[in-house]
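The two complexes that follow have subunit A in common; it is paired with subunit B in the first and with subunit C in the second.
Let's look at the complex of A and B:
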């Protein structure tokens, strides 16, 4: 075996091992059974007003226009699928988009709250991302806080006439970061630090998840911007039908 | 692409009444998080594991692989609970950095281990449900629990369309790969965006076609599907009841005795 071949084999081995152990960096779904009972219930109750509003809104839309039913269903499935697709990333790790930013921009935050909770139930049952007991907490951070914040940033930038690409980038990545902050605070509230209480604990959770979440937010922002620009340039009628333009 | 969804159709426990399985896993899950005890966690892990792998005939290797899905979250999250940064060292370990210590207490370590066990046991309950019950059966259980019909309808359609859209996405990805669309990060980004946007367009078009097809078949707001109900077996009910009563008794004993384990 020549020196070159040996080097190649070593490189391939290192590469394959790195890929083999590289874990999927998902969005921060709080795992099943991770939160104490009181917190599970409290976050669930906190979600209720948003869900009821979303439900009413969907019902009203459906009474006006029956066709919206299949469109909503497809939108939900679309959000699920983009959150389960592996995205290309520079480091070669296999991460997933969260899809909350794109969902909020395309379908509006109210319908995303209802669709988001259904998507979270499916993610728990089909993929074991998140869980049934942590559904309330996850719904609050990913189906409510993230989309609403994303949409707020989007609306604000649109009002200030910021460049389209930058608007979408900011909306998606800041929405992502906000979700990650909310989840960290949720964890910190449930598990305050022995030295320094809730605040210190929040800092710990934020810093522990930062290496996976910060690059993800940037990548998600870039991809969402590219997707929205792509859609705007050749999917005008479809965008109109989901109420985007 | 979605492994656990395929596996549940092969499960030998698939034809057991879905309400039984749902109640079993939800009650056991609740016992897990109520007690947060290591003994209960191991008991639950063993019971649900045996039921899924031995009774349900789900391959062990697959089961283990699926159990490691949330491992990153578990590792990172628990690390944040173990480790503290403070000016005074705690009793388990302490590494000085400048005037601060990276430190942890025995209590904290114990809580961390407790949490890992509880979380894994709870995940195994969730897997018991999802590896042995197809989603459509779970939806039937939710219907019995009086979840609004609109939500159930939406869930059924979403579930169906997840697979249609995944199929679209993977077809496009295959053809992009075969044309070297993902050869460099820059082209990969472009291909990904193109793929997602064409999936979006195709799905919106599909939704219109779906509605037309439904309307042609007299759709008036509810999908009428025949639901197969599998008979409830007395022996199963009795064994589930016995297990849950014992489990909850153990939970109460542990809670009353102070809950150190």
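Let's look at the complex of A and C:
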């Protein structure tokens, strides 16, 4: 193992331990029927421009570059796997991860919104998890806000010349956390608490969701870094074709 | 895959498994319910009694909540679909490397 890799592992370990010690709390999708109609529609409408852009972007990517298909399929499947695993957390409750970081890094945040919404529809219809009425809100938090934040972190780290694997780890885990922050705010907007309004309510929801999600965000970062290592060794031409390397 | 990468890969996976397994092993009294439920409890705490105005399509079709075992099955189906696709493509990529045709399109 080279000196550099030792440093990487140490950094990741410190990060994980720091997160692991934090007292736990976090949540998943907004449940069916729990969001007032007006909010459902508003979030849904807000998602539309991103979804349309995403659709056109994916189409363009695939038209220009058939190689991207493999990576797109893997990114989509990765979201499927990761978001189906409910993982026990330090708070004593379970939550699942989003898995959208990989797609955001490889294809940009707009394209991921399409992949994410496929998973959300699948879960809402077949698993009664999340919901069709809250699809807009959930899509906004998991398929749009999270990936955008991931991508932002990725772009920032890339600019600062941070090691590529650490970049991937940070982008995926912070994006995951951000998804749940957005969910908390969405719930808080719909249910402001009587005493402190939206803000107090947001803090309350965050305190339920954040501690649970912290360790899971680390797991998501680790798994995303792992699959990127696989791709880097077996799919170099494809990664080059989408501009990752 | 180079040896270093293999090692790093293994370390990452093991760390992920440990983070998931330790709370489960250490917290003996915890129920490990979904934090979705915690969310709905919180809604009721802030808002008072709350009646969801829409029930999931599948649940209204069968007229009750999805039984736990069935829900587990459905979640496994989701995992299975994802793993299947990833395994298929990783297998193709692996073979391509093995045959020394790295630059050919899949």
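Rule of thumb we're sticking to: the second predicted complex is superposed on the first by the 173 of 245 C-alpha atoms of A that agree within 3 Å, B and C clash if a C-alpha of one lies under 4 Å from a C-alpha of the other, contacts with A are read in each partner's own complex, and residues count from 1 in each chain.
Everything below uses one rule, namely that a residue touches a chain if its C-beta (ideal position, glycine included) is under 8 Å from a C-beta of that chain, and two chains touch if they have at least 3 such contacts.
Because the structure is predicted, anything quoted here is derived from the model rather than measured.
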{"item": "Which superposed partner A:118 touches (first subunit B, second subunit C, both, neither)", "value": "first"}
{"item": "Touched partner set for A:166, first subunit B, second subunit C, both or neither", "value": "neither"}
{"item": "Contacts of A:196 with subunit B and subunit C, given as first, second, both or neither", "value": "first"}
{"item": "Partner chain(s) touched by A:215 [first = subunit B, second = subunit C, both, neither]", "value": "second"}
{"item": "Contacts of A:56 with subunit B and subunit C, given as first, second, both or neither", "value": "neither"}
{"item": "Partner chain in contact with A:32 - subunit B first, subunit C second, else both or neither", "value": "both"}
{"item": "First, second, both or neither for A:205, with subunit B first and subunit C second", "value": "both"}
{"item": "First (subunit B), second (subunit C), both or neither touched by A:45", "value": "neither"}
{"item": "Which of subunit B and subunit C A:156 touches, first, second, both or neither", "value": "neither"}
{"item": "Common ground on subunit A, meaning residues reached by subunit C in one complex and by subunit B in the other", "value": "24, 26, 28-34, 37, 66-67, 69-70, 73-74, 76-78, 80-82, 84-85, 87-90, 122, 124-129, 131-133, 187, 191, 193-194, 201, 204-205, 208-209, 212, 222-223, 226-227, 229-231, 234-235, 238"}
{"item": "Touching residues on subunit C, where the partner in the complex is subunit A", "value": "1-2, 4-5, 7-9, 11-13, 15-16, 19-20, 23-24, 27, 29-40, 42-43, 45-47, 50, 52-59, 65-66, 71, 74-79, 81-86, 89-90, 92-94, 96-97, 102-103, 105-106"}
{"item": "Contact set on subunit A toward subunit C in their complex", "value": "1-2, 5, 8-9, 12-13, 16, 20, 24, 26-34, 37, 66-67, 69-70, 73-74, 76-95, 122-129, 131-133, 165, 187, 191, 193-194, 201, 204-205, 208-209, 212-213, 215, 218-219, 222-223, 225-227, 229-238"}
{"item": "Parts of subunit B lying in touch with subunit A, wherever the complex brings them together", "value": "2, 4-5, 26, 29-30, 32-34, 36, 66, 69-74, 76-77, 79-81, 83-86, 88, 90, 103, 105, 107-108, 115, 118-123, 125-127, 129-130, 135, 138, 148, 150-151, 153-155, 157-162, 164-166, 169, 182, 185, 188-194, 196-197, 199-201, 203-208, 210-211, 214, 221"}
{"item": "Interface residues, subunit A side, partner subunit B - complex", "value": "23-26, 28-37, 40, 55, 58-59, 62, 66-67, 69-74, 76-78, 80-82, 84-85, 87-90, 106, 114-115, 118-119, 121-122, 124-129, 131-133, 187, 191, 193-196, 200-201, 204-205, 208-209, 212, 222-223, 226-227, 229-231, 234-235, 238, 241-242"}
